[in-house]
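The letters A, B, C, D and E name the chains in turn, as written, and every chain counts its residues from 1.
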């Protein structure tokens, strides 16, 4: 049965979602969701181990050879991202009050869990597949379920945020479809490996240039790269806190993975950075994201919006790592994938605990909670320190590699800018700390969040410290993945 | 050849129906023109099937007729319902 | 007929741009959804016109296959069946959000919604 | 025999197309909705009917011809229904027919409706002179 | 020889697309949008894409027009006057120019020597004849070679329906009465004015079973002619929706209850994925139908495709009817405004 592990990795969430829809019982579906979360973590871990030990795994679906049928391709990067997504899924699904923040109609909890499982299935399906059009299909599954989940926020403006995310997301998805259409027209195939071979001789074709343009713009829209990020702050601020935790830690990461897969597997680094000059475009946008995101975060009055803007800044770090086109740069980018997932997931879960007790995430409602909810506030502070990139936290690791890559290629300016933007991060974290600890508590009788909420939060926040110290798992994996990609690429 | 003449006739009808659909002052003119446009598309598909030598697509034309009827009934229901909420019968 | 060139694709691109314009420029949410549909249907047209082979017939094998029959490419048709379903799914989701927005804000015009948000924000 | 079928279907096809065009011209030139419906439904029944029968003759006696006749039967069945529903909706929406001479309500003698009608019908304002069948 | 017709149909398409953009009366725009979908389906037939035309007509012209109209029934159908804004025009021109620039190196329309006709398509075409024996190559590729794509597609339908049920599940916004199940509450309203219209009611009672029969024909004819799971599902659903429109939600609820539809929705996807898992147990890879039957691979594939198409048909039918339920149910909830109550009874 281990021969079919890749199929099981996707089938687990894909089959349990319709079961949740059919079974109307809230508790049964809740337990099923948690079980599937941890199950997919186990399967992904095993897949990563297999991918690390030998050559990349190829799994043909329907028994047809790749150019005809669809196949799964699992190499180190795929296993790495699969593990990240399923770790966050496992922890967030076992969070105490997943349906608390959502304006759920009566008796519809089982659909809520079904939508979360479908989102997980979409994300895993997008990561594991080796067929270009299949990425689009699973992109739509994860997007549609995240539109619904965001639209369920208790905030009156949640449907508006979900609608604008839907419009921007669908335009991005359709650009992605157009890009695949142009590539299909130029190469005649949809399988990524087959496409890469045929593209080697087509570097001067204008169709391929435009295909690359549309694929990148489409993915940047979904990835919320700096100028195209307007939908993200509203979407994550209005959604239920648990959903913001899940989406901020996984959705943008998988889009980043698809971008990396497209650049290094399909087009190849020489074409992307040499001919198309991708780094000239990406570097200013990433720096812009880092500064605009952090600056905007400082002036937010709502804690979730503050974290959402900080996500835009962190995505800037990842794309900056990508644009260096060097082993250290890509290692920094991929490591930050894992680190940011841990930090942002933990921070949003901490906010969920605060909202569970206080009912709103506006900063002035959370005044003085440091004393009433010490454990949650401590979690928030630790996460904030990791965001800044204080040594002994995961944030420091990825910034270390990014600075290393900048210095390596002699761009001292970028190294300076990275450190400068970390100072901005200090500003908005300190602002939250000041509200939590140095203000008079608004409602003194607030009790600490229940353990079922605190445990998952501290698993993620604890991990930001643990992996900050023992880096062979995150940075080591990221490095081997980067070398495999660049090795294959250059 | 004869199919070509029939198709040209149908295309002219569709053009005129489209003019009415765009110009039509009231909503009902537009519904009428759209309904007529639908039936003409059925004829266009049936005749084009014969023109290109593959006449076995006629169940496609049947679907058009079905969809056209369902669409028209749906529009009329919502036109009445909408004004029903406003003033009732 | 075969070499009248790329004119076919350019008309489809014009249709795409009409759809994209409607999505971006119009404030009314329902009109935006219609624009989104226009955009997706014209992308489907682009794929299908890629698959057409001059002189080819529909990719269904006739019973009396008299000699070698040239078929149009079936693969774009398969992909577009998926794209149509994705289009209708997105439309259904978008319209249900519009209904929710209409009931909480009383309007489906984006500028009014923003005004109501700003008013409620202060 | 084959020649006869060729001629017959050719006549039917061109005739049907001609009727469609006549209907479309009617749709454009008629003054108000009701006469336009009249023009449109002509093309639906007669024009489409002739074209479809012409095609069925061409297809020869096989499944395709049967399908074509099924489409014709469906059209003949649904066009009057949708036409009726359309006119009923338009009338209840308050769209008036454009008569060539403007009548003023006073001097027109509206014949008293026979007693058999349900009270609710006659309670509906005097101006609805013509008979409103449900 | 079909070039002049396609050119004229393109002209109509351009006209209708511009009309949809500029018509300020949203009802009219919805009608013209229905015409646009039907026309594009006609264009697909001319371009030999028969299955795509089938689906576009059934889904595009049918279901999406009904959905847009049921949303318009809730909202005010007039769009605000809006000056032409130049930023979107600039973006659109830029994107359009990039696309046209991209097409310059493309093979001409209909050019048989294009790379896409040389690489994978030939194997699909003669594969369908030799080891599948299914005349409709598109259904064959849809269900077997790229069956995983279609599983993803069916899951997209499931996701959209779950999303609509979540968003529209509750009864109206905060303003409305309690959170009773919307569909039950909408069911007990008295008959809608539509069904007092004798003609519409009689015609639907006659037509609905015929449409369902046609839906079944399309479902099982999918291997030989245009048709398949999606098209059959939509046609079956349109028969039920027609019934719902004319007889009101209460009678449609008696015909097929939402609970049953939810189970059917999940069952379709489970049938599809179950067929795939069945081939796992017979040590073929996921969705490999050949192993389903011991002695003949071809028979196994036929069985697999049949099961898969049935799963798709069930899911799409239940999805479309459920979505209609929640939109139409919502409308009834909306017109339950206190002001309406007395007028409706009169």
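Here is the rule we go by: a contact is a pair of C-beta atoms (placed from the backbone, for glycine too) under 8 Å apart; a residue touches a chain by one contact, two chains touch by 3 or more.
For clarity, every value in this text was computed on a predicted model and none was experimentally measured.
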Set of chains adjacent to chain A and to chain B: C, E
Relative to chain A, chain with the most remote C-alpha centre: D
Label of the chain whose CA centroid is most distant from the centroid of chain C: D
Chain pair bearing the highest count of C-beta contacts: C-E
Distance between chain centroids, defined by C-alpha means - chain B, chain E (Å): 19
Interchain centroid distance [CA atoms averaged], chain C/chain E, Å: 13
Chain centre separation (chain A, chain D; CA means) in Å: 60
Multi-chain contact residues (two or more partners), chain D: 78, 81, 85
Chain A residues counted as touching two or more neighbouring chains: 133, 137, 140, 144, 147-148, 151, 159, 178, 184-185, 190
Junction residues of chain C, two or more chains touched: 20, 50, 57-58, 62, 75-76, 79, 82, 86, 89-90, 93, 97-98, 100, 104
Set of all touching chain pairs, with the criterion as stated earlier: A-C, A-E, B-C, B-D, B-E, C-E, D-E
Residues on chain E engaged by chain D in the complex (per definition of touch): 196-200, 203, 206-207
Interface residues, chain C side, partner chain E - complex: 1-11, 13-22, 24-28, 30-31, 33-35, 37-38, 41, 44-45, 48-63, 70-82, 84-93, 95-100, 102-104, 107-109, 111
Of chain B, residues touching chain C in the complex: 52-54, 56-57
Touching residues (chain side chain A, partner chain C) in the complex: 133, 136-137, 140, 144, 147-148, 151, 156-157, 159-160, 162-163, 166-167, 170-171, 173-174, 177-178, 181, 184-185, 190
Interfacial residue positions of chain B with respect to chain E in the complex: 7, 11, 14-15, 18, 21-22, 24, 27, 30-31, 34, 37-38, 41, 44-45, 48-49, 51-52, 56-57, 59-60, 62-64, 66-71, 73-75, 77-82, 84-85, 87-89
